[in-house]
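Please read the structure below before turning to the comments.
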Amino acid sequence: MRAFDVVTAKDSRHAVALLAEHAPTAKVIAGGTDLLADLKFSSHGPAMVVDISRVEDLKAITITDEGLSIGALVTHTAIMRSPIINDMFPALVHAAHTIGAVQTRNLGTLGGNLVTGVPSMDSGPTLMALEAIIVILSPAGRRQVPMAEFFLGPRKTVLKPDELLAEILIPKQNLGKPTHFLKFGLRKGQALALVSAAASVWVDVDTQICSAPRISLGAVAPTVIRAPKAEAHLDGRPLTADAMAEAGRIAASEAKPISDFRASAGYRRELVAVLTKRALEGAYELAKTKRRGA
Amino acid sequence: MAKVTITVNGEARTVSVPPETTLLKLLREHLNLTGAKLGCDVGDCGACTVIVNGKSVNSCLMLASQVDGFDVLTIEGLATTDQLHPLQTAFEEKGSLQCGFCGPGVIMSAKALLDEEPDPSVERIRDALAGNLCRCTGYSKMIEAVQAVANSVNSHPSVKSA
Amino acid sequence: MEKKTVVAEKSAPAQALLESVELELLRAPALAPLSPLPLEVLVPEARQQTPAVGQRATRPDGRLHGLGQTKFIDDFYLPGMLFAKIKRAGVASARIVSIDTKEAEAMPGVVAVLTGAEIPCNSFGPSLKDQPVLADTRVFHAGDGVAAVAAVTEQIAAEAIEKIKVEYEMLTPVLDPLESLKLETPGLHAPNPNIYGHKVIKKGDIAKGFAESDHIFERTFRTQMVEHVPLEPHASVATWDANGRVTIYSTLGRITLGRSDVARTLGIPMSRVRMISTIVGGNFGGKNEITTEPVVALLSKKTGRPVKCLFTRPDEFISSTTRHPLIMDYKTGVSKEGKILARQIRLVLDGGAYCSWSETTLGKACILSAGPYNIENLYAEAFVVYTNKTMTGAMRGFGAPQVCFAYESQMDDIATALKIDPMEIRLLNAFTNGSLSPTGQTLHSVVVKETLIQAAQRFGWNGAPS
């Protein structure tokens, strides 16, 4: 690893100030599981690394007026153990569990996973299916970006060099929304997703009609994506087995998978159809007995 | 240079290291604690696993400065002057380690698990060891060893933690 | 004579042991207890279960492993030691036009630079001596080393190798072993041909066998390249004494062979090379030949300091040997009952850039390619060819797993087509005591059928005979 300097931020305000001072040659380190792995064999290191791992005000999981706020520095382990998240979004717990292994989940953070901008990120699909909002801090203040607009391409996000991802907000109207996440990798442990899929849906307990279905896919496009046509197919209908299978087929047509050494594009497309259907079934299972707002 | 003070295996140590030094390098090269191994250097193999503030981590993925003021436990801190840690005894008796390179990391992962969950299911043990790769013995004897400790801890609550 | 055997007793639990020793001793490093080993040489008899089977054995070094006190090569340091890094070519096939090391040499902290031209004898190998220590005129695969640096820290060495400028004249690489097999393909190591190993096994008359067959099955099977991934990367440390002798500590598993290769490349008699094998953190066949040893030895000679080189994980994947990928053409003729009457096999082994243990792998793969089955008419032919890829060498089974995948897959194909239970077709054809191997060896203590039946019963195979 190349030589670099480290400055440690005391709180989020300090972190933003340090980042403003050292951008654009600075890199931010939180859990380090991606950054240090990248820097180990890289010939170009940053001159300065801003360590935000001690920024306590970005480590909270709280319900606010805006919704559920998850601090960017919340680790995957903390997500798995949070009573609030276990209660409201078991899918987020499951997604966190599919990341790396215990050691990397103890270090790696939710914000860190998102800023990598890799299409196979395990946190992405569930949050996108929950229409999460990314809260960004900079010297200019605080701005919010909907998750669907956060990613620009592989390893590219809207974050500017002096901006810090501060929190992830699941909007109020989606609190407790039934959601299901599935990941398919070549093995169970420490595998990258060949395809991942998440679905969230409200179902009217009396009529069984579904509303606001949201489907999100990972590892099958340059970024994590939504599948709007598949969603439109389901909106306002009962979630029959046929309807969910058809939504899977539509989602497969919306995906733009590539072939690589892990799997062919065709195989990934098949997986999208199957995983989307199963994610919908999983969300439906939770939804059919759950009254909205309950 | 970054000045780092840590409590390692119960003893306070202050070291000055280049800022890019990882916790693994700090332990191995500056404190001569070579039990944690460098296998892949990118957090995939788990040979460098140590326990920081009660949690197992890949020491190759932490900067030394990030553990300043923290409590670090390495494989060297498990045995005491008068006894081996029950995990070390069990790994020896069950023949869980062959070449031994992954062993310290595996035992630290198992220790972190048992500290939080004295009686884990096989599924939980497998999950806890998923970040530790072994190419020699396979994992079944390691799981057997962890189970043996879990069972003995359960029947003798007094030897819960070393 | 009645045979008396001593079986190692299960070691006493640590607690009991602890009561009997001075407690202070255990702080570190603790010593493993002596294990009572059998003093009488056991002569196993065929079919007789040896007393070791079914016993749980503990390893004498198990305790040190668990204590983290086993000293692997990267766990010790010699005073004044320098760190070496090897620059990789990064291109599959090229002629080296020039190597400029000036900028690297001028870097503070860099003590010495080494190129292939400085190596007394720049070739080695377990059988064919076709591998350079550092490529000097020609690059044969992307993992070839082209220069090395010794510096006061690993970090400086890593930075320095990037300052070395190598000018290449790019050549078209041969990547497909079937392409390499063609006689018109120019030889990688010209004037030597690309086919550097060949073996044929003939038995009976395959034309007659196929003519008598009711069904003929043909299929091509392929396996991929596999890296050993020992948890401990390859490494070596060299240091010279005043009498012109070099001591090399190494993670090598085949120390004696390594010693002769080191002596050859350094151009000194074997008596001046002292090789010390450190505890090997996983080998699996991948640590059976030298890698960094001559480089650290020469850098140490240049600098008068001990020099260590430790592979990074990327080095491990591109610059150590791997398992041979095989392309396996199988043609098998069977009677309508499923009895194999003839089998014709062609194996093409992708040897990568250098020979390494290819000849051994070729032989074993060819001999085992027919499977554990009685086949009267057999023709098996195997080739190993050069390609501009990471070299392939020894790995667990020397070609046996690859051919096993092919012949057992074809047995399943045949069973499915003939609607015969997969167990039954194997029992119909399997070796028994006295069967002849493809090379004409009479086989003893053959328990293929018994093993199959027991295994099938244990895992509840439906077609298992009761």
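In this document, chain identifiers A, B and C correspond to the written order of the chains, with residue numbering beginning at 1 in each.
The rule we apply is simple: a contact is a pair of C-beta atoms (placed from the backbone, for glycine too) under 8 Å apart; a residue touches a chain by one contact, two chains touch by 3 or more.
These figures come from a predicted structure and were not determined experimentally.
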Legend entry - Chain separated most widely from chain A, comparing mean CA positions: C
Inset, instruction - Determine which of the two chain pairs, A-B or A-C, is joined by the larger number of C-beta pairs in contact. - result: A-B
Inset, instruction - Calculate how many whole Å lie between the centre of chain B and the centre of chain C, each centre taken as the average of the chain's C-alpha atoms. - result: 31
Legend entry - Approximate Å spacing (C-alpha centroids) for the pair chain A, chain B: 30
Inset, instruction - Report the inter-chain centroid distance for chain A and chain C in whole angstrom, where each centroid is the mean of the CA atoms. - result: 42
Legend entry - Where chain C touches two or more other chains at once, by residue number: 312
Legend entry - Contacts with two or more other chains, residues of chain B listed in rising order: 41-42
Inset, instruction - Please list all residues of chain A that touch 2 or more other chains. - result: 1-3
Inset, instruction - Would you tell me which residues of chain A are touching chain B in their complex? - result: 1-6, 8, 29, 31-33, 36-37, 40, 45, 49, 51, 53, 77, 100-104, 106-107, 188-190
Legend entry - chain C partner contacts - residues on chain A that touch it in the complex: 1-3, 41, 43
Legend entry - Residue numbers on chain C that touch chain A, as the complex places them: 155, 159, 162, 312, 314
Inset, instruction - Show which residues of chain B lie in contact with chain C when the two form their complex. - result: 28, 34-42, 45, 47, 74-76, 78-84, 87-89, 91-104, 107, 133-136
Legend entry - For the chain C and chain B complex, residues of the former touching the latter: 10-11, 13-15, 18, 23-24, 26-28, 30, 56-59, 61-72, 74-76, 228-233, 279-284, 310, 312-313
